[in-house]
Amino acid sequence: MLDKIGIAKRIAQELKDGWYVNLGIGIPTLVANYVPFGIDVEFQSENGILGMGPFPFEGEEDPDLINAGKQTVTLRPGACIFDSAMSFAMIRGQHVQLTVLGAMEVSDEGDIANWKIPGRMVKGMGGAMDLVASAENIIVAMMHTNKAGESKLLKQCTLPLTGVKCVKKIVTELAVLDVTPEGFKLIERAPGVSVEHIIKSTEGRLIVEGEIPEMII
Amino acid sequence: MLDKIGIAKRIAQELKDGWYVNLGIGIPTLVANYVPFGIDVEFQSENGILGMGPFPFEGEEDPDLINAGKQTVTLRPGACIFDSAMSFAMIRGQHVQLTVLGAMEVSDEGDIANWKIPGRMVKGMGGAMDLVASAENIIVAMMHTNKAGESKLLKQCTLPLTGVKCVKKIVTELAVLDVTPEGFKLIERAPGVSVEHIIKSTEGRLIVEGEIPEMII
Amino acid sequence: MKKVVNDADEAIHDIQSGMTLMLGGFGLCGIPENCIAALVKKGINNLVCISNNAGVDHFGLGLLLQNRQIRKMISSYVGENDEFERQMLSGELEVDLIPQGSLAERCRAGGAGIPAFFTPAGYGTEIAEGKEVRIFNGKPHILESALTADFAIVKAWKGDHYGNLIFKGTARNFNPMMAMAGKITIAEVEELVEPGALDPNFIHTPGIFIQRIFQGKNYEKRIEQRTVRTKSQ
Amino acid sequence: MKKVVNDADEAIHDIQSGMTLMLGGFGLCGIPENCIAALVKKGINNLVCISNNAGVDHFGLGLLLQNRQIRKMISSYVGENDEFERQMLSGELEVDLIPQGSLAERCRAGGAGIPAFFTPAGYGTEIAEGKEVRIFNGKPHILESALTADFAIVKAWKGDHYGNLIFKGTARNFNPMMAMAGKITIAEVEELVEPGALDPNFIHTPGIFIQRIFQGKNYEKRIEQRTVRTKSQ
C-alpha cells in the first residue's frame, strides 16, 4: 500500500520531458518533488506562474509570490508571471499537457466530483472546472476509499460534478487505473496489495485482464 | 470654405479634457496638431499605442514604432504599448471616447461606407468596422462631395457599409452637421458658405432650422 | 487628465449601498487593502462583490463580510473563511460560484466589449444549468456572459498619473481584467510615479482603464500559508 | 525543453504546401523576416496565410505573393501592394477580409480555447452575412469563431530558451495572440538569451506557447512611411 508520497512518486513517473503541468492542492503538489532525473517539466500555477520553484528559504518569503494554494513559493530561472485571464487561456487552450488533482469521487466513465458537498461544504471549484474541462490528460490522485471505507471509484458520482468524462488515469494508495470506455482498467497494484483487495475497494466497473504487475516506485 | 486643415481645426474644437481619441488616416490625423490649449487628450493608435506623440526628428525614426498609418511616430511621457487584442479591447469596450475617421459616403441615418469599391478598390476595413461598431462618439471628416461633384451625404449609402447608424457628426469643407433620427441637421456653415450651397450639396434629408451660424475657426 | 486623488476615502466617496464592485486579488495577494478599509469605515451595505476569493476571517473582504456589508459574493473559491461559511449556510449571504477561468474571462470580456463567449468549463455540471450548450469540434461548450461592475478596485505595485499600472509577482492575478471591467476603476498603488517613469513597453494595465489613482499606505500584505524550506535542505 | 533551433530553415523544415500559417506583424513592423525568406526558399505553395497585412510589393508577405506561394490571405488591410491587388482582382488569390479587432480577438480565442464569441464589429455589413446575430444590451452583435493555424510564426525582440518573449514598441501588434494560436509556434528573435535573463514580471508572451525559437539575423526592418519633423519645428 502506498502513502501519499508513494502516490506522488508514482504519478511523477508519468511526466514527460518538456511538459507543462498543473498540480492541484494536496497530494498533487508533492509530485513536484519527484520529477525523474533528466526530465525537464515546468509547473503552472493557475494564479499566474509558469516555472514555479520550491518553497523559499526561511526569511525570504514574498507575500507577492504565492501559488494557487496560497503558499509562498519561488521562481525558477526562465519563469514568468501573468494574469488570471492569460493563465486560463493556457489551460483552456490546452497548452498545459497534464493536470493532476484530487477528487472526492470518480465515476467509471471518468466523471469527477471534488468541489461541493451539498449543505455541508461549499468551498468552490476554484480553477478545477476549467482544468478538467480542458486538459487532454487528467490524472486523479486520491485515496481509493473514504474515511467510512466506501469506494470513491463509483459507477456514478453522487456529489455535484466538477467535470464529465474527463479523468484519464487514477493513482490511489492501492492501484493505478486507466479510465476506459468499458470502465476502470487495473494497470498496476501497489506493493503488497492483492487484486482481490482492489476489486473489493472499487464500486464502479473494473476490468482486470491477465497478470497485474506490481508498481515499481 | 474650409481646407483640410480647417476641417481638422474645427474637429479639434470637439475634444474634451481627459478623452482618449482614435484618429483615422488622412484628415483625421491632422486633428492632433490642433488640440485646444489646456485640453489634455491621449491619442490611441490601434496598432498598439496610447499616448502617441509627434513624428520623430529626422534621423530618430524607429522602425519598431509606427502608427496605424504605418508612419514613424514618437511616444509622449506616460505612453504605453500593447498588443492588438488589448487595443481592440479598449475600442470594443468603449474606453475610447472619440473616433474620427474619413468616409466615402454617409447616410442620413448615420450609416458609413469607407472600405471598398466593388470591383475596383478593396484595401480592407482595417480597424474601421470595430471602431464604428463600438465608439459612442464618431465624427466623420470628409469632403462634402466627391470628385465628380456628387454628394457624399446620402439618403442611403451605395457602397458596401462599414457600419450602420453609428456616425454622430460630420465635418466637411462646407459645414458641420449632426446626424439625428430625422436626418442630417445643419449646425454650422463654413466661412463664406451659404446655406443654399450646403442644401444643394446634400442628397440626404437635411434639417435647417433658424439662423445657421458661421464656424469660428 | 485629472486621475490622481488623495486617498482611499476620496477614491471611494461615491460608492453607494447596493452597488456592484469588482475587487482584485487572489487570496490575500494583491488585494486593495486601503480601499477595503475605507469601505468598512464608510459602512455602506448591500454590496455585490465580484472577487476570486472572499478574504479570511479578519482580513481582506472578510472585514466587509464581518461588518455585514455584502449581500452577494461572486467568486470561484471561498474556503478559509468561517464567517463566510456561516452566512452562506444560514442564507444571509447570496453566493454565486463561478469557475476561476470563466470568472477571469468574463471580467475581461466585460472590459473588452464582448458580451458573451463559449467555454467548455462547467459543461455537465450545475454551473451549466440554464445556459446555452453548443458543440464545437465535437466538444460541448456553454455560453458565458460578460461581467461588469459599477466600480472596479484594483491594487498595483506602481502606477503613474495617467493610470498606467505595473504589478509585482502573483499580486497581478485578477487585477488587470477587473481594471478593464469597471464603469469607474480605482487603482491603489504602492508607489505613484510621474508620467514617463514607467517603461511604455512594460505596462501591464494601460491607463485608459483607470479613472482614479492614489498612493496607498501601510500595506500589511498578510501571508495565508507561510511555507518555507530550511537552508539545510 | 528543447526549443532552440539553429535557424529559420530548421524551424520551418516541416511546413508543407497547403498548410495554414499565422504570421505576426502590422505592415512591415514586427514581421518574421527570416522565416518568410526561408519559406520563399523552400518554395512550398498553396498556403493559407493569416496576417493583418500582406506586405508590400517586394518585402514581407509580398515576397511569398510574388512567388505565387499563397492560395488565400486572411487579413484586415491589404493596401500598398499592387501584386496583391492584381492577383485578387484576377481571382488568382482568395481573400478573406476581417475587421482588425475581430482578427486579433479570433486569434486570441483560438489560443485560449474559446471557440466563438460575440462582437458588434461588422454588424449590418457584408462581414455579417451568414453569421448568427444576437442582441445584447439592445445592441446587435455577430458570432465570430476562433482562428488557429498549423504553424504560427512570430517575431520578438528578445526570447529565452524556454520560449519566453518580449517585444519592442509597436512590433508587438499581432505577435502575442498569434503565438497562442499556432498548433506549432515558431519564434524568431533578435536576441536569444539564457533562462533567467528576462525579468519574469515583464514577459509579454509566456514560453508555454512557443515550440521553436531561434536567433534571427540581418533584420532589414523596412519603414513603410518615413515621417519626420525637422528640428526647427
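By written order: A, B, C and D. Residues from 1 in each chain.
One rule holds in what follows: contacts are C-beta pairs under 8 Å (C-beta built on N, C-alpha and C of every residue); 3 or more make two chains touch, one makes a residue touch a chain.
Every value quoted in this text rests on a predicted model; they were computed, and no experiment measured them.
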item	value
Third chains touching both chain C and chain B	D
Comparison of A-D and B-D (more C-beta pairs in contact)	B-D
Most remote chain, CA-based centroid, reference being chain D	A
Computed distance of Cα centres, chain C from chain A, in Å	28
Approximate Å spacing (C-alpha centroids) for the pair chain A, chain D	36
Chain C and chain D, separation of their C-alpha mean positions in angstrom	33
Multi-partner residues of chain C (each touching 2 or more other chains)	105, 108, 112-114, 119-120, 167-169, 201
Overlap residues in chain A, where contacts from two or more other chains coincide	81-82, 88, 91-92, 134
Pairs of chains in contact (touch as defined earlier), listed by label	A-C, A-D, B-C, B-D, C-D
Complex contacts: residues of chain B adjacent to chain D	45-49, 54-73, 81-85, 87-88, 91-92, 111, 119, 122-130, 133-134, 160-165
Chain A partner contacts - residues on chain C that touch it in the complex	26-30, 52, 75-80, 85, 88-89, 95, 97, 99-105, 107-108, 119-127, 157, 167-177, 204, 221-231
Complex interface listing, chain C residues touching chain B	1-2, 108, 110-114, 160-162, 164, 180, 194-196, 198, 200-201, 203, 206-209
Partner chain C, residues of chain B touching it in the complex	17-18, 20, 40, 42, 44, 50-51, 75-82, 86, 88-96, 134
Sites on chain D touched by chain C in the complex	105, 109, 112-120, 134, 136-137, 141, 145, 166-169, 201-202
